[in-house]
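What follows is a set of structures to go through.
You will see chain A twice below: alongside chain B first, and alongside chain C after that.
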Partner chain A sequence: MAVNKQNHKSSSRLKLLLEKRHIWFAMLSIAAVLAVYPFVVMSSSSSAPEIVPPGGSHNGENVEQPIEFPHNTHVKDNGINCMYCHTYARRSKVAGIPPTSKCMGCHKVIATDKPRIQKLTEYWEQKSPPPWKKVHDVPDFVHFTHEKHLKRFVFDQDFPVENVKEVCAFCHGDVENMTVAHKVKPLNMGWCKTCHINNGGPGDCWACHK
Partner chain B sequence: MSGKIDRRNFLKIMGLGGAGTALGGCDLPSTVTLEEGKEEVVSYLMPEEYVIPGVGVWYASTCAQCAAGCGIHGRVREGRVLKLEGNPDSSMNHGKICMMGQSGVQAHYNPDRIKTPMLREGGNLVAVSWEKAVGAIQEKLSAANGDQVAWFTGTLSGHQAALVSNHLEALGSRKHYIHEPINASVWQAVNKDMLGEAMPRLRLDKAQMILSFGADFLGTWISPVHFSGEYAKFRKQKRRGLLVTIEPKMSLTGANSDLWIPAIPGTEGVIALGIAHQLVKNHSKDMSSLPASVQGLINKYDAATTAKIAGIDEKRIQRIAELLVERSPSLVLAGAPVEGQAKGYASVAAVMLLNQLLGNIGQTIESQGSFPFNQLKAKTGGTSDLFSFVETAKNKQLSVVFFYGTNPKFTAPKAMEMDSALNDVPFKVAISMFMDETSMAADVVLPAASYLEDWGTHVAAYQPQQTAISMQQPLMEKLYAETRGFGDIVLDLLKVAKKDVYSAFADYYAYLKNAHAALPAEYKEAGMTDGDAWSAALQKGLVNVATGSMSLPVKPVSFGDPAPADSGGKFAYHFVPSARLGMWDGRHANLPWIQEAPDQITKVVWDSWAEIHPLTAQKLGIKNGSIINVESEHGTAKVQAVLIKAIHPDVIAIPMGQGHEEYGRYAKGRGANPLKLLNPVKEETTGELAMYATRVNASPTSQKEVVVRLGASDTQAGRRFVVTVPVEQYQRTEGA
Partner chain C sequence: MSLENLLGNWSQYRKGHEEGGFHDYKHLWGMAIDLDICIGCNACATACYAENNLAVVGKERFEKGQAMHWLRLERYWDQNELDHPAQGASFLPMMCQQCDAATCEPVCPVAATYHTPDGLNAQVYNRCIGSRYCSNNCPYRNRYFNFYSYYEDSWPEPLNMQLNPDLTVRDKGVMEKCTFCVQRIRVAKDNAKMENRPVADGEAMTACAQACPTNAIVFGDYMDKDSQVAKLWKKHQVKLRLTKQNKENPELRGYRIFEELNVDPSVMYLERVREEV
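Here is the complex of A and B:
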């Protein structure tokens, strides 16, 4: 009963509002001006919608990995593209940890005197890939796909693929200056959603929760 | 908007009642974190060329959740099977599967899988190695008299059936007991006598009308997914097919009917003869070719006599006869309630007689044609083998029995004394994925691989328009290294029993591949190597088989009066151990998805319950949710009462499948097993167990609990979600 009464009250209030037409008129015209304004400003500055990289920060834990993999040596010092190793990123929901055979492709001959490479070689010879620990994770009820994000931010933009690390950095931070990866962005729903709003990503619940 | 208090943030904070935390919608450091560095993410050592992590690959196989043999596709990702769907290439199920098929992954990943072989030592089953388990079996086999070795299985077909037959043959035994509580055995026996073919092809899609006497072809009858597809075609005809169902308790098929008539189990044969009487007397159908005894029966059951015995309005019987004549060709079917009587054969024969009188044979009932590979044909069974097994065991004529794919200790009525019969078998081997009741009583338990990890071929007893051998291949590596495929287990037995023939095959895979290569040339595309043809068969999931065309010669069958002899005694109500798609005979009680899926009619989940008509309940002082005792001559079940109008007032039904004493964490100790209450009545002609011939009484206890069901209200509370019309108006405007 209590609920019914309240409903009744609010609906009569709504009626009252609707009757004051002049107020609605004023509000509508303000809204119209507000809606057109950013459009005018944007279309004067550039034709393509601007990409707004996500902000935010997160102080991730230091995750101990079976081998302290130096991203900096690979990316910064030797200029290897992220997608050379994380090769599935453009084709699948997961970026993929590189298969051990790919590591060995180079490290059969390169830096074989380093203890980390010797440890890698041990794994290879025992035919068991290193048990890497997952750093960037979303809950199981979230469907995140690398493929769609790379399409939106790299391939659809004609963004030079050799600079793809700048796009990866949106979510993974400055990996080229890290050894093992370190979580530096919150990767929670609000954070994702903000970026989706800023960059025109899908807003339906089922786009991610399916 | 980074932490600055502007007007909007100020309002938001106020909205939260002044709490200082902002919603995650802004770029503020969040308090929501996931564990970092806890989960492992392991890469491939060397990736296969076609594998992309995160992208699924679909492989074809065959469903083994019931005996219908639907083709399936399984999505495999990172070496794990994740989702099952129907195989669109299979003319059995055309890309569809039912809830039992969907929950196959829960059987496969079930935490209660048996992981190692077990051997009974000092009264207890203890984990042993395969060598020790197989050694114990071989020791008993070599000591046993060959004809005292038996197999006790569910429906088997394809090369698995061939291997089991060959094993028995090699030992000099003919004892293969086949048991399926949900079957069409009596119907098959009648067909065999009347048409010369036990399992004719049914053309639901060509029928103008289907009259089903309790044949739940959309739920539990023979090949439900296939029939559902054909039923859709039946309904989509230019003149929409008309479905009339006569049964004691509403089934899924009954719920889909245009007209549903509740009948006392056992009176269906009389109703069929009543309709036959109308066809002959009022619609000039010819009965001159029928035996005199049958003609006598047709003459006997005029509308008034039929109405009196069956408790159905005379006009209904006349109307159904009219409709059958008007809508030709039609199809008349008989299911479990008709079969499950002492006079089940006569009742089914009376129902099939209608097809004969109406000229449906050759129209909607066709021959399946001759299947060229006799050894691969399905070996189906019903319940008669329960009786013969118990008798043979008690006569101490069985020394070693292998159990696979069936659970007689659970499904046999208590009065049959299956427990003591099992005790009379000195050495029992159970090949099983789970510790069910029968496996718990075994002396050796061999852990079977799941059907998603195993090789096989299947030839379902009921074949659609395109007959096929359905291929079963592993969709992933075995979850548990110690489990073994059924084919491999039997092959290993044969390597000992018939060494000269079978020692050539390394494993069951090699045996199957060899058998496929031995198929006649027309089974391979021109220019294909054996290896290519094998890959093509696996890729498609089936090998189409050309069957020789055959006609159905109708032979007159004489049968006795199907009228039930009234012998209820002090038990007033007819008892129906009802079956439903999902729980089936209880084999799926250990799958949480199936437990949680509501019963199609009552919408109750998980537990056991008794379905009672509200009028009957009122008479007995039973309310919805009352805990009641349902008592038969042989036992009592304590269950919750669920009042439902979709049941005959003289019937009390308890769905079968629950009441497991073993069978894992999800099934054990849940509900009651109605099969235990049954009287061990034999069907007079076929020797099947008459499952619908038991009488019971029901009495309330002082307890009452909430009925857990989906959509618990029968009314729409005036909200008109579903627009309805009164029956009188519908009859006035739509006929029937």
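Here is the complex of A and C:
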């Protein structure tokens, strides 16, 4: 009797274990996923960061400029680099408006018969710069530097500088097909922040807010 | 990503405050102020007014306690029983102590004040709704509220041309405080990053430290062990993240104000030495 009882007990234990086998399997598989998951995440984040250009669009009003400056003629037709005129972009906070002398460097001889160039020459002779209006203006409480963005997206990436207009287009839109530039990206905080998340920019409030 | 958080090293958050807490700073801006060489000239306060667009509120409002001085010079009398010249005036420049466990931060209902990765107590003016909880919770009384719009009174034309463009001019209903001249820190960090190098000691300098004629105020990065600040803290055996300093040599002058409150200030003061007559 005693032996029988023992047998009965052990067989029921085995049965219980067998019944629980699916639980073991589930636990093992969860453990396996847990063990592998960090490697998957790490390997995906350690690969070379891909640049995700900011999306979004904005229908900015056309800004009336003193001279209707044709960006398309300069950039698209004549292939002038953005940073030939906006020189300070790579070394300061602001991209800069070129001095009138830079315009006159070419336009003393080129297209002098056009009315826009004649207007420019008038400004040049009066020794007063054309009162250009700012198109891409962020609020005064925002700290934005062109140089760091160019470093991140152009110089650190070994991006060919002659194609820099593609990087400028992230925030300024397709300027090579515009005459007078107008705002085509929202330039608001959510838009900046999305790009900072996608491309590893700082997330600290005081990195941009001042 | 939540699973990643779950698998992260949680033991770092279980460290007590005295073991360093959970902060993982790249920079930790700190200060050392030697009260023995401070002559109480107020140059630091003046420099702060000029640098940080601080409003001049006028005598009446000053008396009501509405002054906007981010850095004030506190005056104490060491020998009060004596008459004026011999009274023994001593001075203490008091600015935001940029506490590591700041009491102002957790009480903000809109998270306008928060801790930056540099160990600063930041104030985001755009987010501030002016509840003034932070000011009430600051043991040092170093937060200042804009009860009025001071722009036109304080900088009538053409004085508005003297405003610092690196800083917002705060308007009515916003709390403000010493930022350790974050605009200068930002420039130093930007320059260092453009040249792919770490920020050098002395590159980021607050206006008060720059203006001090006796170099009583020393500002720098506490994490940089070769910086002047870190050396001074070490020399005077003052450590961060302690509520009571255990100095081997109790004669050393370094101390932190209100550290017993467990707020962990980033400013160390060096006691004034007086010769007994």
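Just so it is clear, the second predicted complex is superposed on the first by the 163 of 210 C-alpha atoms of A that agree within 3 Å, B and C clash if a C-alpha of one lies under 4 Å from a C-alpha of the other, contacts with A are read in each partner's own complex, and residues count from 1 in each chain.
Going forward, a contact is a pair of C-beta atoms (placed from the backbone, for glycine too) under 8 Å apart; a residue touches a chain by one contact, two chains touch by 3 or more.
These numbers were taken from a predicted model, which means no experiment stands behind them.
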item: Contacts of A:115 with chain B and chain C, given as first, second, both or neither; value: neither
item: Contacts of A:160 with chain B and chain C, given as first, second, both or neither; value: neither
item: First (chain B), second (chain C), both or neither touched by A:63; value: first
item: Which of chain B and chain C A:183 touches, first, second, both or neither; value: first
item: Comparing the two partners chain B and chain C, which touches a greater set of residues in chain A; value: B
item: Touching partner for A:88 - first (chain B), second (chain C), both, neither; value: first
item: Touching partner for A:191 - first (chain B), second (chain C), both, neither; value: first
item: Contacts on chain A seen with chain B and repeated with chain C across the two complexes; value: none
item: Chain B - residues contacting chain A, complex; value: 2, 23-30, 32-47, 52-55
item: Interfacial residue positions of chain A with respect to chain B in the complex; value: 54-61, 63-64, 88, 91-94, 96-101, 124, 127-135, 137-139, 183, 186-191, 193-194
item: Of chain A, residues touching chain C in the complex; value: 34, 37-38, 41, 140-141, 143, 145, 147-148, 151, 204-207, 209-210
item: Footprint of chain A on chain C - complex, ascending; value: 1, 3-4, 7, 114, 116-117, 120, 122, 124-127, 165-168, 182-183, 186, 190, 193-194
